[in-house]
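Both complexes below contain chain A, partnered by chain B and then by chain C.
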Partner chain A sequence: MNKKNIRFLIVEDDEMIRLIHKDFLKDLYPGSEIIEAENGAQGICHYFENHPNIILLDMMMPIMGGEAFLDILEEGHQCNILKDKPKIIVVTAIKEVKELMNIGKRFAVEAVISKPLVQNQLKSLLKDWIS
Partner chain B sequence: MNNILIIEDESVTRMMYRNYIRKIVPHYSIYEASNVLKGICLYFDKHPQLILLDMIMPGYNGKLLIDILEEGIKKKILSFKPKIIVISAIETVEELTELTRLLTVSTVMPKPLPFETLAEILKIHLTIDNINEE
Partner chain C sequence: MINLTLPKNDDFMAAPVFEIEKALNRIHNKKELLERVVDIFVKSLHERKDILENELNNENWETLGTIAHSIKGSSWTIGAQKLGNIAYEMEKAADLKELTRFRRLFQIFQTAAQEFIEFDKKF
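Then we have the complex of A and B:
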């Protein structure tokens, strides 16, 4: 992935956290495009309309959560409707280990990071993917 | 694009709709989804003009697609707005009123849907002058 044309999608209902993610990504990759969604429903619309390369996905959100977001993408891949596979990083406040492991095992998920201290983990993940 | 999408979990009902629609609007391509997750993917992939949506399905129900489209329209993310015909055995007046108040829902129809009604729906929503009613 080239840092010049990278497109991030942040799916997160907390405005403050969205802002923190956004500032952090802008500092790391100044040329990138950053799209924001307040819930999974807006996130799915942006996913299909704007084709982001990397998605930061919260799990617990009103209207539609991260679970349904992942279910839609996985069904789309299974039915061969979806061709591209974005890198999805689940950023969650879930603390239960088993639940975190189950999310991490999912086909659509590349990595799981626990809130609130996400920046160092995020930075090292992105460094591996973006040149 | 001349596309119609049927989202319905019962394969027999899907087949009935498909065969009937094919007969009256043969120049339309018909896509089918047995669950709403696939339906959502097909909506974004095929941009159907008309969606026949069953509300009550196992797993996620039809409301998931409506929620996504409502949010997409509200935030002006969507490039394409379909007409949605909800076909459902609606139990209460409240439920019916709630559905018709939504931006994305064009019509709410009872289930089972009579063929003559389906023909009328296609005529109104696809703005076709002559449909092949036998």
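Then we have the complex of A and C:
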């Protein structure tokens, strides 16, 4: 992935956390495009519209949560409707280890990070993927 | 398992109201960003309190759990440890549908939210 044309999608219901993610990503990759969604349903729409490379995904959100968002992407991929596989980083306040491990095994999920987010953790992940 | 002991305000006294340094560290010491973030947080506290109040009357446990979970995440992110800890207990009470416990925690939450707002005003 080239940092000049990278597209991020932030799927997070909390405006405050979206702002923190966005500020961090803009600093790290000034030329990137950052798209925001307040829930999984908006996230799916933005996904089809913009084809983001990397998705920061919250799990518990009103209207549609991260679980359903992942279900739709997985189904689309299995049916060959979706060709590209994004890299998904789940950022969640879920504390149950078993639940976190199950999320980590989901389609396209590359990492699961606990809230409060440690930005250096995210930074080192992104550096492995983006040149 | 249902917890029969009702929570008290004192149970959460040890947790800091607002750890500003921690919050600043988390966002690379950007004071202006912290101000914006705190403004959004305080606004959301008012909105979420109203939603919790309504949904508690309807005993809508799913929404109560989701809102408590959101408060927990944003509170811990901003360094509002006490509010985050209370919200965490609210989330667990919603999961177990413990009405009396949730009501008590909601009272404690409202006091702590006011305490956070007053603390923030001083800074």
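Rule of thumb we're sticking to: the second predicted complex is superposed on the first by the 131 of 131 C-alpha atoms of A that agree within 3 Å, B and C clash if a C-alpha of one lies under 4 Å from a C-alpha of the other, contacts with A are read in each partner's own complex, and residues count from 1 in each chain.
Going forward, a residue touches a chain if its C-beta (ideal position, glycine included) is under 8 Å from a C-beta of that chain, and two chains touch if they have at least 3 such contacts.
Remember, predicted model here, so these are calculated numbers, not experimental data.
Engineer: Clash or fit: chain B against chain C, after overlaying the two structures on chain A?
Structural biologist: On the shared chain A, the partners fit.
Engineer: Between chain B (first) and chain C (second), which, if any, makes contact with A:Lys3: first, second, both or neither?
Structural biologist: It touches nothing on chain B or chain C.
Engineer: When the two structures are overlaid on chain A, which partner does A:Ala93 contact: first (chain B), second (chain C), both, or neither?
Structural biologist: After superposition on chain A, A:Ala93 lies in contact with chain C alone.
Engineer: Does chain B (first) or chain C (second) touch A:Ala41, or do both, or does neither?
Structural biologist: In the superposed model, A:Ala41 contacts chain B only, not chain C.
Engineer: Could you say whether A:Arg106 touches chain B, chain C, both of them, or neither, answering first, second, both or neither?
Structural biologist: A:Arg106: touches no partner chain.
Engineer: Please work out whether A:Ile72 is in contact with chain B alone, chain C alone, both, or neither, and reply first, second, both or neither.
Structural biologist: Only chain B is touched by A:Ile72; chain C is not.
Engineer: Where does A:Gln119 make contact in the superposed view: on chain B (first), on chain C (second), on both, or on neither?
Structural biologist: After superposition on chain A, A:Gln119 lies in contact with chain C alone.
Engineer: For A:Met16, decide between first (touching chain B), second (touching chain C), both and neither.
Structural biologist: second
Engineer: Quick check on the superposed pair: does A:Ile63 touch chain B, chain C, both, or neither? Answer first, second, both or neither.
Structural biologist: First partner only, chain B.
Engineer: Would you please give the vertex angle at the Cα centre of chain A, with arms pointing to the Cα centres of chain B and chain C, as a multiple of 10°?
Structural biologist: 100
Engineer: How many Å separate the nearest C-alpha atoms of chain B and chain C in the overlaid structures?
Structural biologist: Closest C-alpha pair between chain B and chain C: 17 Å.
Engineer: Enumerate the residues of chain A that count as touching chain B in its complex and touching chain C in the other.
Structural biologist: Touching chain B in the first complex and chain C in the second, no residue of chain A appears in both lists.
Engineer: Chain B touches which residues of chain A in the complex?
Structural biologist: 39, 41-42, 44-46, 48-49, 63-64, 68, 71-72, 75-76, 79, 81-82
Engineer: Quick check on the complex: what are the chain A residues that touch chain C?
Structural biologist: 13-17, 19-20, 23-24, 27, 58, 60-62, 92-93, 95, 115-119
Engineer: Taking the touch rule as given, give the residues of chain B at its contact with chain A in the complex, in rising order.
Structural biologist: Those residues of chain B that touch chain A are 35, 37-38, 40-42, 44-45, 60, 64, 67-68, 70-72, 75, 77-79.
Engineer: If we count contacts the way the header does, which residues on chain C are in touch with chain A in the complex?
Structural biologist: 26-28, 30, 33, 36-37, 40-41, 44, 63, 66, 69-70, 72-74, 76-78, 88
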